[in-house]
Amino acid sequence: MKLPSPSKLKDIAALINCQYDGSDDHIITGLNEIHMVEAGDIVFVDHPKYYDKALNSKATTILINKKTECPKGKALLISDDPFRDYNKLVLHFQPVSYSMKQISDSAKVGAGSVIMPGVYLGNNVTIGTNCVIHPNVVIYDNCHIRNNVIIHSNTVIGADAFYYKKRADKFDKMISCGRVVIEDDVEIGALCTIDKGVSGDTIIGAGTKIDNHVQIGHDTQTGKMCLMASQVGVSGVVKIEDGVTLWGQVGVKSDIHMGKGAVVLAQSGVGMDLEAGKSYFGTPAQDARTKMRELAAIKMLPDLMKKINA
Amino acid sequence: MKLPSPSKLKDIAALINCQYDGSDDHIITGLNEIHMVEAGDIVFVDHPKYYDKALNSKATTILINKKTECPKGKALLISDDPFRDYNKLVLHFQPVSYSMKQISDSAKVGAGSVIMPGVYLGNNVTIGTNCVIHPNVVIYDNCHIRNNVIIHSNTVIGADAFYYKKRADKFDKMISCGRVVIEDDVEIGALCTIDKGVSGDTIIGAGTKIDNHVQIGHDTQTGKMCLMASQVGVSGVVKIEDGVTLWGQVGVKSDIHMGKGAVVLAQSGVGMDLEAGKSYFGTPAQDARTKMRELAAIKMLPDLMKKINA
Amino acid sequence: MKLPSPSKLKDIAALINCQYDGSDDHIITGLNEIHMVEAGDIVFVDHPKYYDKALNSKATTILINKKTECPKGKALLISDDPFRDYNKLVLHFQPVSYSMKQISDSAKVGAGSVIMPGVYLGNNVTIGTNCVIHPNVVIYDNCHIRNNVIIHSNTVIGADAFYYKKRADKFDKMISCGRVVIEDDVEIGALCTIDKGVSGDTIIGAGTKIDNHVQIGHDTQTGKMCLMASQVGVSGVVKIEDGVTLWGQVGVKSDIHMGKGAVVLAQSGVGMDLEAGKSYFGTPAQDARTKMRELAAIKMLPDLMKKINA
C-alpha cells in the first residue's frame, strides 16, 4: 500500500517506538510485503533466513529484528517484533472501519451498471460502467471493478488473506491492506472468492472468465483471457500469464509462475512453475503426455507383479 | 427454449438480417443448443466439423455460416456469424430484465412454503408447496422448484452456463435462456450452484439429496434418488440415471452418461461413461477393483525398482 | 441433545406409542446419536449389525426394533421403526420454528461485536464479545460463537447434517438437533459451511484458522490451533486433535481420528486414522515419504515396461 503522503523515518519510528539506523529525513512512501516491494517501501523481516533477501530487495527501509549493517541509501527500523510493528503501521495508515450500509456512502457505481438486491459494497469500492452485480455479492472495502464486468450471486471479493504468524500459543493475523482489481470484460461465477492482496493488488486480467466456486488467493495476478473452471483453487502470490486455462478442481500452490497459454487438466495439483503453451496433468502436475505414459504403464503393473511373484 | 408463439422463417431471417433457404412460411417453434434440439427448433453451427451433425439433427432449421444443400423438409438461415445471430435471437425472444426486488412480482410461492429472510426470487420463479428456502438463497429468473424441496443458505440456483466462444481478442458469452427444474422431495445443501440450461432444462430428479458446496453444470440432468456428497463438481450436459451416488470431491467431465446406481468413490475424476451398478475410483475414474489392484501393485513398486537397479 | 427436563420412560413411550421394557419411572435425560451417547440418553438402533453396540453403549435407554433381553439398569423402547420414532421425539422436544427476522429476537450479541448488513442470526444464537460477522453470513438456530471470532462473508454455520435413511422409494431425513460451537479466537473464511451436530456439537477449537470454501461435517470436532486451507472438505464425526494442518482441497472420510500435529498435504484423501506429528499425502493418504518414493518409482516405470516388452 501507498502511504497517504510521504513520511519521514523519524516519524515512522516514533509510531512504533523503535530505534532506527538512517537519516531522520529518509523518505518512506509505502508499506509492502516482500513479494511486492518497490523503492520507497518499508518491508519487514523477522527470520534470519530471509534477512539478506529483505536487505537486498527493492524496499528502501527494512523493519528488522537485528542490528545489522544498513545497505547504502537505505534505512533500518529495529524492532523486537517486526510482524507486530508492521501490523501496527498498517492499522495506523488504514484504520479499520466497517460500513453498516449495504452500499457504503463512499462506493461509486458507473453508468449502466446494475447492482441487484442484497449486494454489499464496502468503503471506497468502485464499480465501472455496464457491470451486473448479481444478488448477495459482497465486495469488501477498497476493491475496484472496472467496466463490463459480471459477478454472479454470493461471490465474495476482497476478503482477508489467509496469512498468520505462528506464536507459541496462537496464530497472529497479518492485517491485509491490499485490494482486488477486476479488469474489463471479466465474468466471475457464483460463490467465488477473490481475496485482497496483503499489501498489494490481487488482479483478474481483462477478459478472463471464471466459473463457480473458484478461490483466488491474495496477491495472485492473472493475465488477460484466462479460463478457470469450477472449483479451481489458486493460492496466494501466483502469477498467471495471458491465456492460461485451468480445468475443474485444479489446485495451485503459492508463489508459482504459469507461462502464457499453459493448460492444466482437471483435478491436477500444480506445485512448480509451468512453461508457456504446455499441458499439465496429475498431482503433482507434470507434462501431460509424460503423465499419460505413466498411467498406461501403471495399468500393466498388476500383471507384471503377478508374473514376478510367480 | 420455446418461442412465445410459432414464427415464420422469413420473419426470423429479418430479425438477424440474413439470407435463407426454405419456404417463407416454414415454421419455427424453438431455439436450442445441439444437445437439446427437437423438431421445430433452430440449431446453430459455425464449425465445418459439426455441419453434418447439425444438418442431420432433429432441428428443422439450421443457422449456418455456409451455403450448402438444404436437407429435405428443413430450412437454412445463412449467416456470417451464427453464434452472434443465435444470441441475437435469444435476446429478442427473452430480453434481459432484472427484478430489483428480493421477491419479484412474478414469483409464485405455494402453500406451506417458507421463504426465509434475504432470499432472492427472480422473474417467473415458482416455488411449490411445503418448501423451505433458507436465508440468502438466490434463484435466478425462470427457475422452478417443485414441492417439499429444502434449499440451504446461500445456494445459487440458475446462474448462467460457463460457455464462451473464443474470438481472437475476447471470449463471447453464450446467452443462457434455459431453466433449472428441481423436482419433488429434493434437498440441496448450503453454498451449492446449479446452473441454468443453455437453452433447455437443468433437472434435479425427485428425491435426490445434495450436500454442501456442490456444482451442477448447465443442462445436466439427474435421475431420482441420487446422492452427491460435499464439494462434488458436475460439468454441463451430464446425464445421471436414478440412484447414482457421487462421494465427496468427485469431478465429472461434460457430456458423460452415468448408468443407474453407479457409485463413484471420493475424489475421483470421471472422464468416460459409467455402467449401471458398478463402482468407480481414481483420476481418471475406472472400475474400483481394478484401481485397487493398481494401488496395491504400486505399493510394491519401490522395492522392485531397488532390486532391478541392484 | 439434552431434554428440557428429565422424562420418565412411560411418558416417552406414550409419545411414540410403543411398548417398553423397564421401570415406568426409568429416567431419560437426553437423546443422542450412537457416536455421542452418554448415561441418561436414548439411542436408536434398527439394524441387527449394530444391536450389540447400541445395547452396550453408554446410553441407558435403547430405541430398538426387536424384543431382546434388556441390559441391567437400562430400558428398551420397542418400535417397528426406531428411525421414524427417534425423529418424532426430536421434533417433540425441539419443534422447528423459523425466525423470519434477519436477527432473531432470541439472538444475543456480546459487547464490541460487529454484525454487518445481511447477516442472519437464527433463534437462540449467541455471539460473544469482539467478534466480526461479515455481510450475508447465515447462522442457523442454536449455534454459539464465542469471543474474538471473525467469520467472513456468506459463510453458513449450522446447516443440517447430510444424513438420510434409505427406504425403498425415498430417503428419510435424520432431523438434526445438535449445535455448532465456535471457540475463542477462531477465524473462518468466506463461503465456508460448518454443519450442526446430528444430536451433539460440532466444535471448532480455540485459535483454529479456516480458509475459504471449507466444509466441516456434522459432529466433527477440531482441537486448538488447527489450520485448514481453502476447499478442504471434512466429513461428519471426525475427531481432529490440536495443531493439525490440512492443506488445500484435502478430503477427509467420516469417523476418522487425526493425532496432534498431523499434517496432510494438498489434495490428499484421508481414509484412515492419522498418527500424531506425521505428514501424509495421496489418495488414499499415506505416510508422505512412502508416497514420495512411490511417485519416484512410477516415474521410472514407463522405461522399465518398454525394456520388459522389448
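Here the chain labels run A, B and C in written order, and each chain numbers its own residues starting at 1.
Just so we're on the same page, a contact is a pair of C-beta atoms (placed from the backbone, for glycine too) under 8 Å apart; a residue touches a chain by one contact, two chains touch by 3 or more.
The shown structure was predicted, so the numbers you read here are calculated from the model rather than taken from an experiment.
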Per the touch definition, the chains contacting both subunit B and subunit C are A
Rounded to a multiple of 5 degrees, the Cα superposition angle from subunit A to subunit B is 120
For the copies subunit A and subunit C, the interface residues, called same if over half of the numbers are used by both and different if under half, are different
Cα centroid separation, subunit A vs subunit C, in Å, comes to 32
Multi-partner residues in subunit A (2 or more other chains touched) are 118, 136, 154, 191, 213, 231, 249, 267, 283, 298, 301, 304
Per the touch rule above, subunit C residues touching subunit A in the complex are 114, 116-118, 132, 134-136, 152-154, 185, 187, 189-191, 207, 209, 211-213, 225, 227, 229-231, 248-249, 266-267, 283, 295, 298-299, 301-302, 304-305, 308
Subunit A partner, complex, touching residues on subunit B are 98, 100-102, 118, 120, 136, 138, 140, 154, 156, 159-160, 162, 164, 169-171, 173, 191, 193, 195, 213, 215, 217, 231, 233, 235, 249, 251, 253, 267, 269, 271, 283-284, 293-294, 296-298, 300-301, 304
